[in-house]
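Can you read through this structure? Questions will come right after.
For reference, chains read A, B, C and D in written order, and residue numbers begin at 1 within each chain.
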Amino acid sequence: MYSFVNDYSEGTHPKVLELMVKSNFEQNIGYGLDKHCENARGLIRDWIGMPDSDIHFIPGGTQTNMLVISSLLRPHQCVIAADTGHINVHETGAIEATGHKVVAMPAKYGKLTPEAIRAALDYHVGEHMVQPKMVYISNSTELGTIYTKAELGAIREICLKNGLILFLDGARLGAALTCKSNDLSISELAKLVDVFYIGGTKNGALLGEALVFCREDLSVDFRYMMKQRAAMPAKGFVLGMQFEALLQDNLYLKLAAHANEMAEEAARIFKEHGFDFHAPPCTNQIFPIVPNELVKGLTEEFGCLDQTKVDGNHTCVRFVTSWATTPESIDYLRKYMNHILR
Amino acid sequence: MYSFVNDYSEGTHPKVLELMVKSNFEQNIGYGLDKHCENARGLIRDWIGMPDSDIHFIPGGTQTNMLVISSLLRPHQCVIAADTGHINVHETGAIEATGHKVVAMPAKYGKLTPEAIRAALDYHVGEHMVQPKMVYISNSTELGTIYTKAELGAIREICLKNGLILFLDGARLGAALTCKSNDLSISELAKLVDVFYIGGTKNGALLGEALVFCREDLSVDFRYMMKQRAAMPAKGFVLGMQFEALLQDNLYLKLAAHANEMAEEAARIFKEHGFDFHAPPCTNQIFPIVPNELVKGLTEEFGCLDQTKVDGNHTCVRFVTSWATTPESIDYLRKYMNHILR
Amino acid sequence: MYSFVNDYSEGTHPKVLELMVKSNFEQNIGYGLDKHCENARGLIRDWIGMPDSDIHFIPGGTQTNMLVISSLLRPHQCVIAADTGHINVHETGAIEATGHKVVAMPAKYGKLTPEAIRAALDYHVGEHMVQPKMVYISNSTELGTIYTKAELGAIREICLKNGLILFLDGARLGAALTCKSNDLSISELAKLVDVFYIGGTKNGALLGEALVFCREDLSVDFRYMMKQRAAMPAKGFVLGMQFEALLQDNLYLKLAAHANEMAEEAARIFKEHGFDFHAPPCTNQIFPIVPNELVKGLTEEFGCLDQTKVDGNHTCVRFVTSWATTPESIDYLRKYMNHILR
Amino acid sequence: MYSFVNDYSEGTHPKVLELMVKSNFEQNIGYGLDKHCENARGLIRDWIGMPDSDIHFIPGGTQTNMLVISSLLRPHQCVIAADTGHINVHETGAIEATGHKVVAMPAKYGKLTPEAIRAALDYHVGEHMVQPKMVYISNSTELGTIYTKAELGAIREICLKNGLILFLDGARLGAALTCKSNDLSISELAKLVDVFYIGGTKNGALLGEALVFCREDLSVDFRYMMKQRAAMPAKGFVLGMQFEALLQDNLYLKLAAHANEMAEEAARIFKEHGFDFHAPPCTNQIFPIVPNELVKGLTEEFGCLDQTKVDGNHTCVRFVTSWATTPESIDYLRKYMNHILR
């Protein structure tokens, strides 16, 4: 059985592991001040074309979201997000636990729009309500979709006009960048947002997200915040090594592209059987809508999760591929589907 | 140059690394619900002789402290700690950031006493002051000292009588348990506290602390809290593997014993030169008091930190050994000292 | 000009003022431990028929909401409210500032339903999401509507079955109890909820809300929480006096009934002119929908606020009456409307 | 019996009450935006000689402290205070509940010194510790002492040099300003601090503190914070009226001077009997040290509180006078002491 439950079921890519093994007995300074982190920062700065960006390595995504939001907002300020946004739904109130409201707006296919941001701004008038100060988007989104250059540009524009910080959650940024319909380069993206992160955990790292501040004024004293929120691991050099390895030879993008291809194959299977999707499949998360009687079997065979009832007879199930997904496992899925539906 | 700056400068012990490499391509369930974590929990339960204890793996020590304290206290309650306690000094206010006051009491050699706890209780009277509800101690302490069975028993007693939860920070528990003057077994210790953790990061793990709830009623919904405080890594199985490996063949204690021996050797060097110590050396952290003119050289050669001025002419410097410290590095320290002081 | 902007534009009812003046030079113990508070507690207990209820006087409504919610929830727990609920919209994130998410559910006419609570419970599954633990309702609601005995009973039932604490915000409880269509007595209401408050500020008091814990286990150490959240005024006896006076001779209900009657008259005027309402008018807040061209004049003449666009041509405006509203001011409104619409 | 337990046992000064009665039926805008507040702001600006200061009326002292500190600090920053400071001891952790550590420094007679501030700055080095950003002092202090112009100037200097915000808690500012040994005018004081408040509750008001921002950049969006922390009462005009009345004809200072005189008389009685004081008596709080056998009687007759054991035989008791203390009650104290000690 191969599990499509998520993209963090395996350890780390062999190239990362290799570097970890090779460097295991080095003595390195703690807390992210070591040479591996510094090297990885350089690689990232080169890649994104932003030599002055301030970069920090954080163990996980929820932590990064919580840290960025609580560091940049004053107590009375809120963050606007899609109602399906990770911070709104799946972080057990981590943002609210730092004191801030998440203003959740309806979003088609997980994508926030300037119109939704506008509506949130118009609704929040005056000191009896929270003050919108940040916009949070995910790319790829929680539904596997991506933002186009035009869409991100439009969001950027409304943010600029209204003094909103634009924060892009890139837990699955690799999947977005290597999506066939993507028209945004990493350096274009970096110029359109104020702060974003390059997700490692879900694209081949053992753990770690690379947080990039595109505006220097936003990261003042950020390491204090990291320490306070317990996001500054003693052996921070391990995080640096992840990105050192992943950013060699374009590995990061290659892994993501592989995951997307595997997902495309999987989506094809469902399409061939005439199934529709909860959101248009384009990255490594796909959401086919299947007859209820298939759910139990699919879950047992493939560990797919996030089953939402679509109507009385149909359920949406999530399949996630990763850098480690093999063509054989997709073949097995095809055979299984053919068998079950013949 | 060998750095004695801390006990988390290297990666992980080869046995841990071996297991990580071997298991790297397994698919495991996320968030600590996997078989490695379950296996590690069993090994810990056997070791501590507490088959019903509830055990969770947390990435780091600050995170564990913050989690335990914020989960177990109501908003108006405080935790009593030694003034040198890690939570009071070196966590950038992580505890206060969750809303709780740390009531810091003067403590000789980093050790809290029943008298100090009594004083804190007597001082806090009524609803205009925070309500003491927890006692936090570290073993070994931040000054490298340890609690005897009698001392821990006396603290336990005052806690029981006053409805205080007793929480033991075991970031360096291995060092305490293998200290030559220690008279507490792990199972005795577990019976004397309400909740404690077995530190991995500072004793051979890549990262990870094993948090043990000795009273089941204390851990209700604890995983919600872990998620909210961003302490539930996606690849939680990596944490499980650390303890799986460390608890094989007594490795955990062997590593700590080695670190203690290396520190004992180092302490001997300073003693031979007639130097005194800020706290009696007994585990893997020692605090020799040296003439000011030696500080620069020692720092450059050995990376020792935490330099506190003792008087106009003397400074206390911290040397920390680890599972990875070699006898050769101690020899080098001896030669250096002999050379510099001849 | 008479302002209908809200029900807290004047000072306090003459009977309250009289008691304040009469008692001004008494020496009273601070912090709500005085004889006036004790007397007021007794009057409330008699009125609600709950001799063992624990009662506290809090300066304001936002403070009471924030206090109750933050005292009764553990960090990972959330409160379910109508999307129009005061805690969700008009408290500048006071609840989130204490760390808790407000889960807002769509609500017709400001009233939460068992179905909406059920939906919130069904949506929140497992430790990656906040845990519903409390239901917050307002009676009368933010739209001036009220809960029937059957409706409150049904909410009570789903709360009991699911371990949810039921908290009723009674900032305008007088208006609800004296509404002509009300079928709930105060003692019935007290038996159906876990904690509620009797609003003073909006019904004749200078300031103050009387918070009633109907279950003793919920108020353990509550005074600590009051002090911590700055809700325990030094001259707490002033709060006690408000309720002492308001609960004499049924004054509290008489004042609310008067406000409702004035609102009924005002509603009649709008009905006579053929206007519809955003929610069925029944207490002291009414929401007529008027042609846009009337809004400016109404605002200038009557200070009515909360103007929401209903469609391109119509706007909903809020008129609020109080114990101090005179029949003359209603007459003036009638004349104004007749004049403007003749 | 007359109680010397504190300075907030009575209602409000007749002049304040008179204004409240006179204005009771006016309709005023809510939330502190009314003409009484505006008028009071003008009177304060004139008095302190700072026409551009931003002034807000807050119901109570704990609330003001919590608001100022949580509004002006970023999450990783702390406030330095005397160990006897109100925020450190008597607010049930209200400051920590907003996420900030209070760094308490030893202080003689309740007064913080530049040396103590220097020590706190020197101790907190780097991102593993909280970052000092504010200094909190009380004038008069919790021990009834006051700061001289030179002392406040020296504190100001160290704050300026180190980027620290200087916040002065003036809950008993009247007592300080009218102390015979005081050499600071209100306008000098206002120039030496960044933010301070003029306490009403403890000097004749029913409730209310007037918070003054001496630097405009510090109060951006402060009303959002007031609302969020539940410090913006609906009938805010009541707070404005307090200061409107108290600032007429120098009433505020007259009341404070009276309280000080009464305390001076009371202190004289204890001195005549040869008793010493815990801190030099100079304002309306005095702390005579009396033989233990007197404590019970004094407490019963005069309600004095805050009894701290000084040695086996002596106890320090607090006597507080107010604007309402009568010469007759001081005479009674004299007779009582003469009788008991004859």
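Just so it is clear, a contact is a pair of C-beta atoms (placed from the backbone, for glycine too) under 8 Å apart; a residue touches a chain by one contact, two chains touch by 3 or more.
Bear in mind that the values here come from a model prediction, so they are computed numbers and not experimental data.
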item	value
Most distant chain from subunit C by Cα centroid	B
Chain pair with more C-beta contacts, A-B versus A-C	A-B
Geometric centre distance via CA averages, subunit C-subunit A, whole Å	42
Gap in Å, rounded to a whole number, between the CA centres of subunit B and subunit A	34
Contacts with 2+ other chains: residues of subunit A	75-76, 91-93, 97-99, 127-128, 130, 224-225, 227-228
Subunit A residues within the subunit B interface of the complex	2-3, 5-6, 8-12, 14, 17, 20-21, 23-30, 59-63, 66, 91-94, 97, 201-202, 206-207, 224-225, 227-231, 233-235, 238, 324
In the complex with subunit B, residue positions of subunit D that touch it	75-76, 78, 89-93, 96-102, 127-130
Complex interface listing, subunit B residues touching subunit C	70-71, 74-76, 98-99, 127-128, 130-131, 221, 223-228, 232
